[in-house]
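Chain naming follows the written order as A, B, C, D, E and F, and within any one chain the residues start at number 1.
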Amino acid sequence: MSDIDKKQYLIQDEPYYRPVANEVAMYEAAYAARMPVMLKGPTGCGKSRFVEYMAWRLGKPLITIACNEDMTASDLVGRFLLDINGTKWQDGPLTVAARVGAICYLDEVVEARQDTTVVIHPLTDHRRNLPLEKKGELVQAHPDFQLVISYNPGYQSLMKDLKQSTKQRFGALDFDYPSAEIETEIVAHEGNVERAVAEKLVQVAQRSRNLKGHGLDEGMSTRLLVYAAQLIGKGIDPLSACQMALVRPLTDDPDMRDTLDAAVNTYF
Amino acid sequence: MSDIDKKQYLIQDEPYYRPVANEVAMYEAAYAARMPVMLKGPTGCGKSRFVEYMAWRLGKPLITIACNEDMTASDLVGRFLLDINGTKWQDGPLTVAARVGAICYLDEVVEARQDTTVVIHPLTDHRRNLPLEKKGELVQAHPDFQLVISYNPGYQSLMKDLKQSTKQRFGALDFDYPSAEIETEIVAHEGNVERAVAEKLVQVAQRSRNLKGHGLDEGMSTRLLVYAAQLIGKGIDPLSACQMALVRPLTDDPDMRDTLDAAVNTYF
Amino acid sequence: MSDIDKKQYLIQDEPYYRPVANEVAMYEAAYAARMPVMLKGPTGCGKSRFVEYMAWRLGKPLITIACNEDMTASDLVGRFLLDINGTKWQDGPLTVAARVGAICYLDEVVEARQDTTVVIHPLTDHRRNLPLEKKGELVQAHPDFQLVISYNPGYQSLMKDLKQSTKQRFGALDFDYPSAEIETEIVAHEGNVERAVAEKLVQVAQRSRNLKGHGLDEGMSTRLLVYAAQLIGKGIDPLSACQMALVRPLTDDPDMRDTLDAAVNTYF
Amino acid sequence: MSDIDKKQYLIQDEPYYRPVANEVAMYEAAYAARMPVMLKGPTGCGKSRFVEYMAWRLGKPLITIACNEDMTASDLVGRFLLDINGTKWQDGPLTVAARVGAICYLDEVVEARQDTTVVIHPLTDHRRNLPLEKKGELVQAHPDFQLVISYNPGYQSLMKDLKQSTKQRFGALDFDYPSAEIETEIVAHEGNVERAVAEKLVQVAQRSRNLKGHGLDEGMSTRLLVYAAQLIGKGIDPLSACQMALVRPLTDDPDMRDTLDAAVNTYF
Amino acid sequence: MSDIDKKQYLIQDEPYYRPVANEVAMYEAAYAARMPVMLKGPTGCGKSRFVEYMAWRLGKPLITIACNEDMTASDLVGRFLLDINGTKWQDGPLTVAARVGAICYLDEVVEARQDTTVVIHPLTDHRRNLPLEKKGELVQAHPDFQLVISYNPGYQSLMKDLKQSTKQRFGALDFDYPSAEIETEIVAHEGNVERAVAEKLVQVAQRSRNLKGHGLDEGMSTRLLVYAAQLIGKGIDPLSACQMALVRPLTDDPDMRDTLDAAVNTYF
Amino acid sequence: MSDIDKKQYLIQDEPYYRPVANEVAMYEAAYAARMPVMLKGPTGCGKSRFVEYMAWRLGKPLITIACNEDMTASDLVGRFLLDINGTKWQDGPLTVAARVGAICYLDEVVEARQDTTVVIHPLTDHRRNLPLEKKGELVQAHPDFQLVISYNPGYQSLMKDLKQSTKQRFGALDFDYPSAEIETEIVAHEGNVERAVAEKLVQVAQRSRNLKGHGLDEGMSTRLLVYAAQLIGKGIDPLSACQMALVRPLTDDPDMRDTLDAAVNTYF
């Protein structure tokens, strides 16, 4: 850890996070037991923000890894790089996290190749170590180290799911869109609009979420509501703002667009 | 940014762009909120030109990346190159854009591997950062940085579509062929022909667009009309020019060619 | 073995292992004959812990390799690395194990490409050697060397199974969840809770195991029971602890979750 | 362009080309507008020869790239090579063509991966530039640069076709076998045989072309006729020459061979 | 051959091999004619041991290559490695065998990619040479060189078989499990048990071999019988020894296990 | 050609080749016209031997390339290798052949990836050049250069066939097993047995060839007959020799083996 500053992974300012249930207490107990944690929930409902908030609250560094299908074990663990003196080992982000005692957050873990996820196994049971096979080193995890993964159950396809031998290494917390009350508070705060505007946006979103599985793959996320609010804040009329930020990103189907546009017109 | 000149990415001369609706104002509001933007529309209707125009108008550098299926995360983010002193990190175009505060335009983003697009996620939410995992650096995006993507909804196959967790990070603007009035103006201006010739070419194109889904995958684009106009301007007779620039590129089906040739003969 | 310390592979402290049948004696006889051994059984029932325990008991180093689909023969056997003096051979973990006389444990061997497993063949018959073809060296295994593999029969798919010519090189030991009596003892010891709590957790687990094949892919593992016990030990109420550690990791199906929650409510 | 001589790409001697219609004038107009051109037609009908002829006629260098499925974007655009001073960029043939102002001819473009062809897009619209993403350079095409592609519509499979967004960047010229009159002239000239022999060969070819789709994938090309003429010129009897050069290369089906042999016997 | 010692490939001690028919004489005649030889037969019936025995008997070095799907032509033939003086060629095992005059044994050749096996063709006809295309050298095989391959006909799938043009380069010897008389002798000798015990083990094995195709993929191999005998020799009771060494490795099917256990109980 | 000796590719001694028709004269005329030649015929009927004979007869060097599915364009054309002074270009065998004026023989060309074969196109038409795109050099073929390919029409699958645009670049010569008279002469000469024995072997082979398509993929090749003759010459009884060299290599089907054994018994 000579050339990478552990401090860059500390969250400086308190992230805005609005708790919805007992998730903060549950996570703290899990962290106290260093139990690996899995966050489940739909797109844009606040899973990543929650991990940031907990890392800030616990005062631990956070290393986030966006998983993708091309990610190899070396991308997680590290590799030899060519140097002026020959090859030099460079720790991957998972190894860095294990060494410095960070919370390591694997975002959208189902995207990674099922079998690549096998490399996290020895870090998630009583061993708490990480064999760097290419380097011939066995890294014992720092006492502060914890692993967190996220995944979207509604999104997982038949081809992509976690193996049982991976799932059974994690405690799980469910996430969902917040209640109307809380979501309005979030949209008003983040989008910097009046409460009345935020309320209307949340109502539009709830209509769209009822259409999930009836022509829509997902309803409007809290994140899209914030975008719409921001456009309105920049002086765009609400109808245009909702079309750009809420309706058009969601679907290209003309009928579904009409339905959603009608919902927008109802409230604005 | 010592060896790459930021200035080379600035658009020097005002690009010719003919607005069709409120898209300029909408984009300006989105840029003011640094909201990521998705441009949807058919081939050759002016999406790339619009981004160039907006980059010129806002006075920001523009970095365009033509997406393709073989593009890896490293192609976007950067990689280590071998140097006389060992390996040296070279930023990819996305990283350059994040550092210098450019508008980064991912053209035909559905071509890229679905999961490669995951690397843009932390740049498109409140984090606005880009982890260079291989280098162990977390790049915080320049305040001027914005991400724009384009895609063609009619073209997307079942295999290729953006994930919901990607879609819901963008506001969307729809594009289509311009109205006859505006398209005539464009063809006359760009093809350097008289308005009467441009009018006829636009009428031919509209016929072909009505055949979309009835034997044609796409109608004639504005770009092809400009080509035909240019050939006529070089002294080629209109019938030969239309065959070369409008009919033959579009289809190899003999019946469909006859239909299109007949449309050409009607107007010329 | 100049730069890798053989001692780092010795198990320092006696691992907690609770024998369930004659498996310790059988393994000792197999080791005395240096017979390769295959451990079969479901996820989280103690196979890895058993190998650690036997390595400690026999006083032999243990090298564990988590198999995955991307693992190449070079990952097992070794490769040339670039050095300041040109290329330098680096032994892989299997070669290290053969040289120092370790027990080499290939965890979840069915994950590896069927044909990559061919490289272990000469180490598992009368030859007991490992050809390093790229280096032109034939490594004769140390007299203490033994190979152990694990696999989960219920998990294996049609695509992934060991070849007969591999299977027939191993003696096999079956593993399963321990009896209620023994499992209660384990959960109380590892989870640091009272016997009464452990008993209830084991009863919940047995209910879930009866649902295997009737809506669940696997029942709750001993490992999950220990997690639940630990959460309870941290002051979380038993219902929340069981939801987080037992129910939610296992399934996303609402009906199945209700069934499992009901089982939890019955005992707590 | 210090180490590659632009002159090696200039066609020294006038290639033998026999125009069949207005293709020379059409191409000249397209070149004057720097419009990208697509040549369509069956195997061996003279597309490559035509491009050579036009390059000679216009006095421009010609760089030909035979496309294939393994061709990567780097093969077209360039890559870093290792040098005594570290890595050194080497332009690919497309980049060389853009820099020196050559006509760049992508032969059998449908062979290339559909998405690799995306790299030519910015060279084929108003931008006329080529981003070397790995080098961080934006190459502005030389004013003389033009792109030409060829493809065989009868040959294209369902899997391999150009995308609409690629097709609509090109004007198209159709090619076919020449008329009997012109083809006889070509075979006599190129094969160095008397007109009477050439006439008979052309008649055999026409019979075979009528069988296209009725047991033959393609009819005999002009190139094969020239081969047969050359064998006759070397003293081989016409029947053996036609078997070797016309019949056996085309098909292994015994009935079809009998039919073609009969056609040969009719004329010789 | 400066840095690889040819002597390491000589078999020092006579391997235990029990001939079953005229295979030794046939092989000697084939070797005298340097005819390539193919050994066919089920798993664990003694093919590899036979080759070792013949190499010892003929006093020739033996180089064994375990084939697998990932094996490339370079793995057989050799490659350039990076050295302090640049790249240095390193012969692969096939090239070494051709140079030093070894018997080269390709074990489980059907595992190799069908087309990779093409590289052995010039070594298996009148040419007896090996072109090192990457090095620009044509290696003429040493007069003592001979190629031997093995394959398991019952195992080959529809996807994996040798090409006719490969098959027709080899004389073939069939192998099968030895007769009861001979197998008893082998098990008693190798397993170091009394003849009576060996006899019972062979009877169990014969029962299992009759089940091949009726629920078992393969019967128990001679190798497994030797394992069972060794466990009995270490003091394990025969029933437990047979379960571990004969029944459990073979199948996970409960009914089939009962059937095999019953067979074990019948004899012990 | 400083470090590769052109002379090593010259055939020193006259290869034994027994002409069966006018193939020598046809090939000489094709070579005189530098027409590329395709040799068609079943496995082991003498295609490779014929090319060797013609190269010897014409006094030209011969470079043979065994094609396989993993062969890349670089394997044919050449690549940059790392040297002490950086990278150094190394010609591939096709480039060497083009430079020194060799006959280049691509054996089993259908094995190569269809699209890799595209690289030979410019060498097989009027251009007779080979663009080394990675090196930026255009190699003009030596006047003596000629390309020869072989392929087995009976063997080609639906997936693997030459493209029309490749086929139509070659004159074709058909090969088949020689007549009984000639084959007897070949077997007696090559196998070093009496004419009477050779006659019987040829009769056995003819029986097997009649079974092609009726349970056999191919009949016995001349090469296998020579093997059987050689075994008989080494003192093996004819029945055992025929089993090893003729029957067992061909098929594993018990009924087909009985049929072939019966044919052997009829003649010996």
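The rule is simple: a contact is a pair of C-beta atoms (placed from the backbone, for glycine too) under 8 Å apart; a residue touches a chain by one contact, two chains touch by 3 or more.
Keep in mind the model is a prediction, meaning the values are calculated, not measured.
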| item | value |
| --- | --- |
| Shared interface partners, meaning chains that touch chain B and chain E | none |
| Relative orientation of copies chain A and chain E, as a Cα rotation angle in degrees, nearest 5 | 120 |
| Farthest chain relative to chain E (centres taken as mean CA coordinates) | B |
| Chain whose average C-alpha position is farthest from chain F's own | A |
| Mean-CA-position distance for chain F and chain A (Å) | 60 |
| For chain B paired with chain F, centre-to-centre distance based on mean C-alpha positions, whole Å | 52 |
| Chain E-chain F separation of Cα centroids, rounded to whole Å | 30 |
| Shared-contact residues (touching 2 or more other chains) in chain C | 82, 85 |
| Sequence of chains encountered when the ring is traversed from chain A in the direction of chain B | A, B, D, F, E, C |
| Partner chain F, residues of chain E touching it in the complex | 22, 25-26, 29-30, 32-33, 35, 38, 40, 72-73, 80, 82, 85-87, 113-116, 118-119, 121-122, 125-127, 131, 133-134, 136, 138, 153, 163-165, 167-174 |
| Chain F partner contacts - residues on chain D that touch it in the complex | 3-4, 8-9, 43-44, 48-49, 64-70, 75, 81-85, 88, 90-93, 96, 107-108, 111, 152, 155, 217-218, 220-221, 223-224, 227, 230-231, 233-236, 240-241, 244-245, 248-250, 252 |
